[in-house]
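Shown next, in C-alpha coordinates, is the structure this report addresses.
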Amino acid sequence: MEITTTEYKNCDVIHPIGRVDSAGAPQLEAAINAVTQLGRHKIVLDMSEVTFVSSAGWWVLIGAQKNCKKHRGEVVLACIETGIRASLKLVGMDDYFRIYDEMTAAVGNI
Amino acid sequence: MEITTTEYKNCDVIHPIGRVDSAGAPQLEAAINAVTQLGRHKIVLDMSEVTFVSSAGWWVLIGAQKNCKKHRGEVVLACIETGIRASLKLVGMDDYFRIYDEMTAAVGNI
Amino acid sequence: MTSAVFPGRYTSLESISEFVIQAAQHAGLDDAAVYAVQLAVDEAATNIIEHGYGGEDLGEIGCQCEIVAEGLRIRLEDHAPPFDPQAVAQPVLNVPLEDVRPRGLGLFFIHKMMDEVQFDFSPEGNTLTMLKRR
Amino acid sequence: MTSAVFPGRYTSLESISEFVIQAAQHAGLDDAAVYAVQLAVDEAATNIIEHGYGGEDLGEIGCQCEIVAEGLRIRLEDHAPPFDPQAVAQPVLNVPLEDVRPRGLGLFFIHKMMDEVQFDFSPEGNTLTMLKRR
(Lines give C-alpha, C1' and ligand atoms only; values in the text may rest on other atoms or scores of the structure.)
Protein backbone atom coordinates (compact mmCIF):
# COMPACT_ATOMS: atom_id res chain seq x y z
CA MET A 1 0.00 0.00 0.00
CA GLU A 2 1.20 3.46 -0.93
CA ILE A 3 0.33 6.21 1.55
CA THR A 4 0.84 9.95 1.04
CA THR A 5 0.48 12.42 3.89
CA THR A 6 0.02 16.13 3.23
CA GLU A 7 0.27 18.62 6.05
CA TYR A 8 -1.97 21.68 5.78
CA LYS A 9 -2.33 24.48 8.29
CA ASN A 10 -5.68 23.19 9.57
CA CYS A 11 -5.26 19.45 9.26
CA ASP A 12 -3.32 16.57 7.75
CA VAL A 13 -4.62 14.63 4.78
CA ILE A 14 -3.69 10.95 4.61
CA HIS A 15 -4.20 9.36 1.21
CA PRO A 16 -3.71 5.58 1.08
CA ILE A 17 -3.85 3.77 -2.23
CA GLY A 18 -5.07 0.18 -2.36
CA ARG A 19 -6.36 -2.33 0.16
CA VAL A 20 -6.48 -1.72 3.90
CA ASP A 21 -6.44 -5.37 4.94
CA SER A 22 -4.36 -7.14 7.62
CA ALA A 23 -1.27 -6.52 5.49
CA GLY A 24 -2.01 -2.84 4.89
CA ALA A 25 -3.57 -1.84 8.22
CA PRO A 26 -0.25 -1.61 10.10
CA GLN A 27 1.09 0.74 7.41
CA LEU A 28 -1.94 2.96 7.75
CA GLU A 29 -1.54 2.89 11.52
CA ALA A 30 2.09 3.96 11.16
CA ALA A 31 1.13 6.82 8.83
CA ILE A 32 -1.50 8.04 11.30
CA ASN A 33 0.90 7.74 14.23
CA ALA A 34 3.50 9.75 12.34
CA VAL A 35 1.01 12.61 12.26
CA THR A 36 -0.32 12.35 15.82
CA GLN A 37 3.20 12.09 17.24
CA LEU A 38 3.74 15.63 15.95
CA GLY A 39 0.86 16.71 18.16
CA ARG A 40 -1.44 17.03 15.15
CA HIS A 41 -4.83 15.38 15.67
CA LYS A 42 -7.05 16.65 12.87
CA ILE A 43 -6.84 14.06 10.14
CA VAL A 44 -8.77 13.75 6.91
CA LEU A 45 -8.61 10.30 5.38
CA ASP A 46 -8.86 10.59 1.62
CA MET A 47 -10.38 7.20 0.80
CA SER A 48 -10.85 7.91 -2.90
CA GLU A 49 -8.26 5.31 -3.90
CA VAL A 50 -8.91 2.78 -1.17
CA THR A 51 -10.53 -0.25 -2.76
CA PHE A 52 -11.09 -2.39 0.32
CA VAL A 53 -11.16 -2.12 4.11
CA SER A 54 -11.32 -5.19 6.37
CA SER A 55 -12.00 -5.20 10.11
CA ALA A 56 -8.24 -4.85 10.65
CA GLY A 57 -8.45 -1.50 8.85
CA TRP A 58 -11.54 -0.36 10.75
CA TRP A 59 -9.88 -1.09 14.07
CA VAL A 60 -6.98 1.12 13.10
CA LEU A 61 -9.39 3.93 12.22
CA ILE A 62 -11.42 3.43 15.39
CA GLY A 63 -8.24 3.54 17.46
CA ALA A 64 -7.12 6.68 15.68
CA GLN A 65 -10.50 8.31 16.22
CA LYS A 66 -10.37 7.58 19.95
CA ASN A 67 -6.86 9.01 20.22
CA CYS A 68 -7.58 12.11 18.13
CA LYS A 69 -10.80 12.93 19.97
CA LYS A 70 -8.90 12.69 23.25
CA HIS A 71 -6.63 15.43 21.89
CA ARG A 72 -9.48 17.70 20.72
CA GLY A 73 -8.95 16.49 17.18
CA GLU A 74 -10.84 14.17 14.90
CA VAL A 75 -10.53 11.69 12.07
CA VAL A 76 -12.94 12.41 9.22
CA LEU A 77 -13.39 10.19 6.19
CA ALA A 78 -13.81 11.39 2.63
CA CYS A 79 -14.69 9.87 -0.73
CA ILE A 80 -15.50 6.33 0.47
CA GLU A 81 -16.40 3.78 -2.17
CA THR A 82 -19.98 2.42 -1.85
CA GLY A 83 -19.11 -1.16 -0.91
CA ILE A 84 -16.72 -0.03 1.79
CA ARG A 85 -19.22 2.44 3.13
CA ALA A 86 -22.01 -0.14 3.16
CA SER A 87 -19.89 -2.52 5.23
CA LEU A 88 -19.10 0.28 7.71
CA LYS A 89 -22.77 1.12 8.00
CA LEU A 90 -23.66 -2.53 8.46
CA VAL A 91 -21.73 -2.69 11.72
CA GLY A 92 -23.02 0.70 12.85
CA MET A 93 -19.53 2.15 12.84
CA ASP A 94 -20.36 4.92 10.40
CA ASP A 95 -21.67 6.80 13.44
CA TYR A 96 -18.12 7.11 14.74
CA PHE A 97 -16.95 9.21 11.79
CA ARG A 98 -18.07 12.28 9.93
CA ILE A 99 -18.05 11.21 6.30
CA TYR A 100 -17.84 13.58 3.33
CA ASP A 101 -18.23 12.96 -0.37
CA GLU A 102 -15.71 15.66 -1.26
CA MET A 103 -12.24 16.44 0.01
CA THR A 104 -12.97 20.17 0.08
CA ALA A 105 -15.90 19.64 2.43
CA ALA A 106 -13.90 17.28 4.63
CA VAL A 107 -10.95 19.65 4.94
CA GLY A 108 -13.25 22.68 5.31
CA ASN A 109 -15.28 21.15 8.11
CA ILE A 110 -12.69 19.38 10.24
CA MET B 1 -22.39 35.11 -13.89
CA GLU B 2 -23.47 32.24 -11.65
CA ILE B 3 -21.98 32.26 -8.15
CA THR B 4 -22.27 29.48 -5.55
CA THR B 5 -21.22 29.99 -1.94
CA THR B 6 -20.57 27.03 0.35
CA GLU B 7 -20.13 27.56 4.05
CA TYR B 8 -17.73 25.19 5.80
CA LYS B 9 -16.72 25.22 9.43
CA ASN B 10 -13.33 26.78 8.70
CA CYS B 11 -14.09 29.02 5.76
CA ASP B 12 -16.48 29.89 2.96
CA VAL B 13 -15.87 28.83 -0.60
CA ILE B 14 -17.12 31.16 -3.32
CA HIS B 15 -17.33 29.60 -6.75
CA PRO B 16 -18.14 32.00 -9.62
CA ILE B 17 -18.72 30.66 -13.11
CA GLY B 18 -17.84 32.80 -16.11
CA ARG B 19 -16.33 36.24 -16.64
CA VAL B 20 -15.54 38.65 -13.83
CA ASP B 21 -15.69 41.83 -15.93
CA SER B 22 -17.41 45.15 -15.20
CA ALA B 23 -20.75 43.39 -15.55
CA GLY B 24 -19.83 40.47 -13.28
CA ALA B 25 -17.65 42.22 -10.68
CA PRO B 26 -20.59 43.75 -8.75
CA GLN B 27 -22.17 40.30 -8.46
CA LEU B 28 -18.94 38.88 -7.08
CA GLU B 29 -18.70 41.79 -4.67
CA ALA B 30 -22.24 41.11 -3.47
CA ALA B 31 -21.46 37.41 -2.95
CA ILE B 32 -18.36 38.28 -0.91
CA ASN B 33 -20.24 40.88 1.13
CA ALA B 34 -22.96 38.35 1.89
CA VAL B 35 -20.28 36.23 3.57
CA THR B 36 -18.39 38.97 5.41
CA GLN B 37 -21.61 40.50 6.71
CA LEU B 38 -22.07 37.26 8.66
CA GLY B 39 -18.78 38.02 10.37
CA ARG B 40 -17.01 35.36 8.33
CA HIS B 41 -13.75 36.53 6.80
CA LYS B 42 -11.95 33.42 5.62
CA ILE B 43 -12.84 33.07 1.97
CA VAL B 44 -11.51 30.68 -0.64
CA LEU B 45 -12.22 31.79 -4.17
CA ASP B 46 -12.58 28.74 -6.38
CA MET B 47 -11.51 30.21 -9.74
CA SER B 48 -11.63 26.91 -11.62
CA GLU B 49 -14.53 28.05 -13.77
CA VAL B 50 -13.65 31.72 -14.06
CA THR B 51 -12.57 32.36 -17.62
CA PHE B 52 -11.66 36.04 -17.38
CA VAL B 53 -10.92 38.71 -14.79
CA SER B 54 -10.63 42.39 -15.72
CA SER B 55 -9.33 45.19 -13.49
CA ALA B 56 -12.89 45.63 -12.23
CA GLY B 57 -12.72 42.10 -10.88
CA TRP B 58 -9.26 42.54 -9.35
CA TRP B 59 -10.40 45.67 -7.50
CA VAL B 60 -13.23 43.70 -5.95
CA LEU B 61 -10.79 41.04 -4.80
CA ILE B 62 -8.28 43.60 -3.53
CA GLY B 63 -11.04 45.33 -1.59
CA ALA B 64 -12.21 42.03 -0.15
CA GLN B 65 -8.66 41.10 0.84
CA LYS B 66 -8.19 44.41 2.68
CA ASN B 67 -11.46 43.96 4.54
CA CYS B 68 -10.89 40.30 5.43
CA LYS B 69 -7.35 40.91 6.67
CA LYS B 70 -8.66 43.70 8.88
CA HIS B 71 -10.89 41.07 10.48
CA ARG B 72 -8.13 38.47 10.96
CA GLY B 73 -9.33 36.64 7.91
CA GLU B 74 -8.07 36.26 4.38
CA VAL B 75 -9.07 35.77 0.76
CA VAL B 76 -7.14 32.96 -0.92
CA LEU B 77 -7.39 32.08 -4.57
CA ALA B 78 -7.50 28.57 -5.98
CA CYS B 79 -7.30 26.99 -9.41
CA ILE B 80 -6.61 30.11 -11.47
CA GLU B 81 -6.39 29.71 -15.22
CA THR B 82 -2.92 30.58 -16.66
CA GLY B 83 -3.89 33.68 -18.62
CA ILE B 84 -5.70 35.17 -15.66
CA ARG B 85 -2.81 34.38 -13.37
CA ALA B 86 -0.27 35.87 -15.78
CA SER B 87 -2.20 39.15 -15.92
CA LEU B 88 -2.32 39.26 -12.11
CA LYS B 89 1.40 38.65 -11.92
CA LEU B 90 2.06 41.30 -14.54
CA VAL B 91 0.71 44.00 -12.27
CA GLY B 92 2.44 42.57 -9.22
CA MET B 93 -0.86 41.86 -7.54
CA ASP B 94 -0.23 38.16 -7.12
CA ASP B 95 1.72 39.12 -3.98
CA TYR B 96 -1.52 40.18 -2.32
CA PHE B 97 -2.99 36.68 -2.41
CA ARG B 98 -1.97 33.18 -1.46
CA ILE B 99 -2.72 31.13 -4.55
CA TYR B 100 -3.24 27.37 -4.59
CA ASP B 101 -3.53 24.93 -7.46
CA GLU B 102 -5.93 22.69 -5.55
CA MET B 103 -9.04 23.43 -3.57
CA THR B 104 -8.03 21.00 -0.84
CA ALA B 105 -4.79 22.88 -0.24
CA ALA B 106 -6.56 26.25 -0.29
CA VAL B 107 -9.21 25.16 2.20
CA GLY B 108 -6.66 23.29 4.33
CA ASN B 109 -4.30 26.26 4.58
CA ILE B 110 -6.61 29.22 5.04
CA MET C 1 -14.71 -24.85 -10.40
CA THR C 2 -11.45 -22.98 -9.80
CA SER C 3 -9.08 -23.65 -6.95
CA ALA C 4 -5.78 -22.32 -5.67
CA VAL C 5 -3.51 -22.66 -2.66
CA PHE C 6 -1.96 -19.64 -0.98
CA PRO C 7 0.80 -19.28 1.62
CA GLY C 8 -0.72 -18.36 4.98
CA ARG C 9 0.52 -14.82 5.23
CA TYR C 10 -1.14 -11.42 5.11
CA THR C 11 0.35 -10.47 1.77
CA SER C 12 -1.60 -13.41 0.31
CA LEU C 13 -4.85 -11.63 1.13
CA GLU C 14 -4.66 -9.50 -1.98
CA SER C 15 -4.12 -12.54 -4.25
CA ILE C 16 -6.89 -14.43 -2.50
CA SER C 17 -9.19 -11.42 -3.02
CA GLU C 18 -8.35 -11.22 -6.69
CA PHE C 19 -9.04 -14.92 -7.06
CA VAL C 20 -12.48 -14.77 -5.45
CA ILE C 21 -13.44 -11.46 -7.06
CA GLN C 22 -12.89 -13.00 -10.46
CA ALA C 23 -15.01 -16.02 -9.57
CA ALA C 24 -17.72 -13.79 -8.10
CA GLN C 25 -17.85 -11.75 -11.28
CA HIS C 26 -17.99 -14.87 -13.40
CA ALA C 27 -20.85 -16.07 -11.23
CA GLY C 28 -22.75 -12.92 -12.19
CA LEU C 29 -22.82 -11.30 -8.74
CA ASP C 30 -23.40 -7.55 -8.64
CA ASP C 31 -20.80 -5.10 -7.32
CA ALA C 32 -22.19 -5.06 -3.78
CA ALA C 33 -22.19 -8.88 -3.67
CA VAL C 34 -18.65 -9.03 -5.06
CA TYR C 35 -17.49 -6.68 -2.30
CA ALA C 36 -19.33 -8.80 0.27
CA VAL C 37 -17.58 -11.96 -0.92
CA GLN C 38 -14.22 -10.18 -0.88
CA LEU C 39 -14.80 -9.00 2.69
CA ALA C 40 -16.00 -12.38 4.03
CA VAL C 41 -13.10 -14.25 2.44
CA ASP C 42 -10.55 -11.69 3.62
CA GLU C 43 -11.82 -11.94 7.20
CA ALA C 44 -11.89 -15.73 7.10
CA ALA C 45 -8.39 -16.00 5.65
CA THR C 46 -7.08 -13.48 8.19
CA ASN C 47 -8.58 -15.60 10.98
CA ILE C 48 -6.97 -18.77 9.63
CA ILE C 49 -3.56 -17.05 9.67
CA GLU C 50 -4.00 -15.16 12.95
CA HIS C 51 -6.04 -17.54 15.08
CA GLY C 52 -5.79 -20.88 13.27
CA TYR C 53 -2.08 -21.15 12.49
CA GLY C 54 -1.26 -18.52 15.12
CA GLY C 55 0.98 -16.46 12.87
CA GLU C 56 2.26 -15.94 9.35
CA ASP C 57 3.94 -18.63 7.25
CA LEU C 58 2.85 -21.55 9.41
CA GLY C 59 0.52 -23.21 6.91
CA GLU C 60 -1.41 -22.87 3.70
CA ILE C 61 -4.88 -21.76 2.74
CA GLY C 62 -6.77 -23.60 0.03
CA CYS C 63 -9.51 -21.80 -1.82
CA GLN C 64 -12.15 -23.29 -4.11
CA CYS C 65 -14.77 -21.31 -5.99
CA GLU C 66 -17.73 -23.02 -7.58
CA ILE C 67 -20.42 -21.31 -9.63
CA VAL C 68 -23.68 -22.97 -8.65
CA ALA C 69 -27.32 -22.44 -9.57
CA GLU C 70 -27.89 -20.06 -6.62
CA GLY C 71 -24.69 -18.06 -7.07
CA LEU C 72 -21.15 -18.66 -5.81
CA ARG C 73 -19.96 -21.28 -3.35
CA ILE C 74 -16.55 -20.72 -1.77
CA ARG C 75 -14.61 -23.21 0.29
CA LEU C 76 -11.57 -22.25 2.39
CA GLU C 77 -9.37 -25.06 3.68
CA ASP C 78 -6.62 -25.13 6.28
CA HIS C 79 -4.79 -27.56 8.52
CA ALA C 80 -4.76 -25.54 11.69
CA PRO C 81 -6.21 -26.82 15.00
CA PRO C 82 -10.03 -26.72 15.07
CA PHE C 83 -12.00 -24.17 17.07
CA ASP C 84 -15.58 -23.79 18.20
CA PRO C 85 -17.34 -21.01 16.30
CA GLN C 86 -20.37 -21.33 18.59
CA ALA C 87 -18.25 -20.36 21.57
CA VAL C 88 -17.26 -17.03 20.04
CA ALA C 89 -19.07 -14.07 21.62
CA GLN C 90 -20.92 -11.56 19.45
CA PRO C 91 -19.13 -8.25 19.00
CA VAL C 92 -20.44 -5.32 21.02
CA LEU C 93 -21.76 -2.85 18.47
CA ASN C 94 -23.68 0.41 18.60
CA VAL C 95 -21.97 1.59 21.78
CA PRO C 96 -20.27 4.96 22.36
CA LEU C 97 -16.90 5.26 20.69
CA GLU C 98 -14.97 5.02 23.99
CA ASP C 99 -16.57 1.65 24.71
CA VAL C 100 -15.72 0.03 21.38
CA ARG C 101 -13.31 -2.86 21.86
CA PRO C 102 -11.28 -3.90 18.85
CA ARG C 103 -12.28 -7.52 18.53
CA GLY C 104 -14.80 -9.81 17.04
CA LEU C 105 -15.83 -8.10 13.83
CA GLY C 106 -14.45 -10.78 11.51
CA LEU C 107 -16.94 -13.58 12.13
CA PHE C 108 -19.73 -11.00 12.29
CA PHE C 109 -18.81 -9.71 8.83
CA ILE C 110 -18.58 -13.25 7.47
CA HIS C 111 -22.09 -14.10 8.65
CA LYS C 112 -23.55 -10.76 7.52
CA MET C 113 -21.92 -10.83 4.11
CA MET C 114 -22.69 -14.41 3.12
CA ASP C 115 -26.02 -16.22 2.79
CA GLU C 116 -24.76 -19.55 4.15
CA VAL C 117 -21.75 -20.15 6.38
CA GLN C 118 -20.65 -23.56 7.58
CA PHE C 119 -17.55 -24.62 9.49
CA ASP C 120 -16.44 -28.28 9.30
CA PHE C 121 -13.55 -29.72 11.25
CA SER C 122 -12.04 -33.16 10.62
CA PRO C 123 -8.64 -34.80 11.07
CA GLU C 124 -7.92 -34.09 7.38
CA GLY C 125 -8.37 -30.37 7.94
CA ASN C 126 -10.85 -27.58 8.48
CA THR C 127 -13.28 -26.33 5.89
CA LEU C 128 -15.30 -23.15 5.80
CA THR C 129 -18.01 -23.31 3.16
CA MET C 130 -19.83 -20.10 2.25
CA LEU C 131 -22.56 -19.41 -0.25
CA LYS C 132 -23.34 -16.02 -1.78
CA ARG C 133 -26.60 -15.91 -3.70
CA ARG C 134 -26.88 -14.08 -7.00
CA MET D 1 -11.74 42.29 -41.73
CA THR D 2 -14.71 41.79 -39.42
CA SER D 3 -16.61 44.56 -37.70
CA ALA D 4 -19.51 44.93 -35.33
CA VAL D 5 -21.25 47.55 -33.26
CA PHE D 6 -22.26 46.97 -29.67
CA PRO D 7 -24.50 48.93 -27.28
CA GLY D 8 -22.38 50.75 -24.72
CA ARG D 9 -23.27 48.74 -21.65
CA TYR D 10 -21.37 46.31 -19.47
CA THR D 11 -23.32 43.28 -20.61
CA SER D 12 -21.92 43.95 -24.09
CA LEU D 13 -18.42 43.16 -22.78
CA GLU D 14 -18.97 39.43 -23.12
CA SER D 15 -20.14 39.73 -26.75
CA ILE D 16 -17.25 42.08 -27.56
CA SER D 17 -14.85 39.54 -26.02
CA GLU D 18 -16.30 36.69 -28.04
CA PHE D 19 -15.99 38.80 -31.18
CA VAL D 20 -12.30 39.64 -30.65
CA ILE D 21 -11.38 36.18 -29.32
CA GLN D 22 -12.63 34.66 -32.55
CA ALA D 23 -10.61 37.15 -34.63
CA ALA D 24 -7.52 36.58 -32.47
CA GLN D 25 -7.78 32.84 -32.96
CA HIS D 26 -8.24 33.27 -36.70
CA ALA D 27 -5.15 35.48 -36.70
CA GLY D 28 -3.20 32.55 -35.27
CA LEU D 29 -2.44 34.08 -31.88
CA ASP D 30 -1.55 31.67 -29.09
CA ASP D 31 -3.69 31.28 -25.95
CA ALA D 32 -1.71 33.82 -23.93
CA ALA D 33 -1.99 36.40 -26.72
CA VAL D 34 -5.71 35.71 -27.12
CA TYR D 35 -6.18 36.35 -23.41
CA ALA D 36 -4.10 39.53 -23.69
CA VAL D 37 -6.29 40.83 -26.52
CA GLN D 38 -9.43 39.97 -24.58
CA LEU D 39 -8.17 41.85 -21.52
CA ALA D 40 -7.04 44.96 -23.43
CA VAL D 41 -10.31 45.22 -25.35
CA ASP D 42 -12.40 44.63 -22.23
CA GLU D 43 -10.57 47.40 -20.37
CA ALA D 44 -10.82 49.78 -23.31
CA ALA D 45 -14.52 49.13 -23.83
CA THR D 46 -15.18 49.51 -20.10
CA ASN D 47 -13.42 52.89 -20.19
CA ILE D 48 -15.49 54.05 -23.15
CA ILE D 49 -18.69 53.23 -21.26
CA GLU D 50 -17.55 54.43 -17.83
CA HIS D 51 -15.37 57.43 -18.62
CA GLY D 52 -16.22 58.26 -22.25
CA TYR D 53 -19.99 58.13 -22.30
CA GLY D 54 -20.13 58.46 -18.54
CA GLY D 55 -22.54 55.60 -18.00
CA GLU D 56 -24.35 52.70 -19.61
CA ASP D 57 -26.59 53.00 -22.67
CA LEU D 58 -25.40 56.46 -23.68
CA GLY D 59 -23.64 55.48 -26.94
CA GLU D 60 -22.29 52.68 -29.04
CA ILE D 61 -18.94 50.95 -29.40
CA GLY D 62 -17.70 49.95 -32.83
CA CYS D 63 -15.16 47.19 -33.12
CA GLN D 64 -13.10 46.25 -36.17
CA CYS D 65 -10.68 43.33 -36.31
CA GLU D 66 -8.18 43.01 -39.12
CA ILE D 67 -5.76 40.16 -39.59
CA VAL D 68 -2.51 41.73 -40.79
CA ALA D 69 0.95 40.42 -41.56
CA GLU D 70 2.20 41.03 -38.01
CA GLY D 71 -0.85 39.63 -36.24
CA LEU D 72 -4.14 41.23 -35.28
CA ARG D 73 -5.13 44.90 -35.49
CA ILE D 74 -8.16 46.00 -33.49
CA ARG D 75 -9.93 49.32 -33.72
CA LEU D 76 -12.46 50.51 -31.15
CA GLU D 77 -14.64 53.48 -32.07
CA ASP D 78 -16.90 55.70 -30.00
CA HIS D 79 -18.52 59.13 -30.12
CA ALA D 80 -17.85 60.21 -26.58
CA PRO D 81 -15.95 63.40 -25.71
CA PRO D 82 -12.20 63.12 -26.25
CA PHE D 83 -9.72 62.81 -23.37
CA ASP D 84 -5.98 63.13 -22.99
CA PRO D 85 -4.33 59.76 -22.42
CA GLN D 86 -1.00 61.46 -21.72
CA ALA D 87 -2.50 63.24 -18.75
CA VAL D 88 -3.44 59.99 -17.02
CA ALA D 89 -1.15 59.12 -14.10
CA GLN D 90 0.49 55.70 -13.90
CA PRO D 91 -1.06 53.34 -11.37
CA VAL D 92 0.79 52.85 -8.10
CA LEU D 93 1.87 49.21 -8.12
CA ASN D 94 4.04 47.05 -5.91
CA VAL D 95 3.02 48.77 -2.72
CA PRO D 96 1.74 47.17 0.49
CA LEU D 97 -1.85 45.98 0.27
CA GLU D 98 -3.20 48.76 2.51
CA ASP D 99 -1.78 51.38 0.15
CA VAL D 100 -3.30 50.00 -3.03
CA ARG D 101 -5.85 52.43 -4.48
CA PRO D 102 -8.46 50.97 -6.82
CA ARG D 103 -7.83 53.03 -9.92
CA GLY D 104 -5.77 53.20 -13.04
CA LEU D 105 -5.17 49.60 -13.95
CA GLY D 106 -7.14 49.66 -17.19
CA LEU D 107 -4.83 51.77 -19.38
CA PHE D 108 -1.85 50.00 -17.80
CA PHE D 109 -3.23 46.62 -18.85
CA ILE D 110 -4.00 47.93 -22.36
CA HIS D 111 -0.40 49.10 -22.85
CA LYS D 112 1.10 45.95 -21.29
CA MET D 113 -1.09 43.55 -23.22
CA MET D 114 -0.77 45.09 -26.68
CA ASP D 115 2.28 45.78 -28.81
CA GLU D 116 1.02 49.06 -30.25
CA VAL D 117 -1.62 51.36 -28.77
CA GLN D 118 -2.79 54.57 -30.39
CA PHE D 119 -5.58 56.96 -29.45
CA ASP D 120 -7.01 59.26 -32.15
CA PHE D 121 -9.62 61.88 -31.50
CA SER D 122 -11.50 63.76 -34.21
CA PRO D 123 -14.88 65.44 -34.57
CA GLU D 124 -16.15 62.28 -36.29
CA GLY D 125 -15.32 60.23 -33.20
CA ASN D 126 -12.58 58.62 -31.17
CA THR D 127 -10.53 55.67 -32.30
CA LEU D 128 -8.31 53.37 -30.30
CA THR D 129 -6.10 51.26 -32.55
CA MET D 130 -4.20 48.37 -31.04
CA LEU D 131 -1.89 45.78 -32.56
CA LYS D 132 -1.11 42.38 -31.10
CA ARG D 133 1.78 40.64 -32.81
CA ARG D 134 1.63 36.93 -33.55
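By letter and in written order, the chains are A, B, C and D; residue numbering begins at 1 in each of them.
Just so we're on the same page, contacts are C-beta pairs under 8 Å (C-beta built on N, C-alpha and C of every residue); 3 or more make two chains touch, one makes a residue touch a chain.
Just so it is clear, the structure is predicted and the values come from calculations on it, not from any experiment.
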Legend entry - Identity of the chain that, by mean CA position, is farthest from chain D: C
Inset, instruction - Go ahead and note the Å separation of the Cα centroids belonging to chain B and chain D. - result: 25
Legend entry - Approximate Å spacing (C-alpha centroids) for the pair chain A, chain D: 52
Legend entry - Multi-partner residues of chain B (each touching 2 or more other chains): none
Legend entry - chain C: positions in contact with at least two other chains: none
Inset, instruction - State which pairs of chains touch, listing all of them. - result: A-B, A-C, B-D
Legend entry - Complex contact set, residues of chain C against chain A: 10-11, 13-14, 17, 31-32, 34-36, 38-39, 42-43, 46, 49-50, 91, 93-94, 97-98, 100, 102, 105-106, 108-109, 112-113
Inset, instruction - Name, in rising order, each residue of chain A that touches chain C in their complex. - result: 19, 21-23, 52, 54-56, 58-59, 62-63, 65-66, 69, 82-84, 86-87, 90-93, 95-96
Inset, instruction - Provide the residue numbers of chain B that touch chain A in the complex, in ascending order. - result: 6, 8-11, 13, 103-105, 107-110
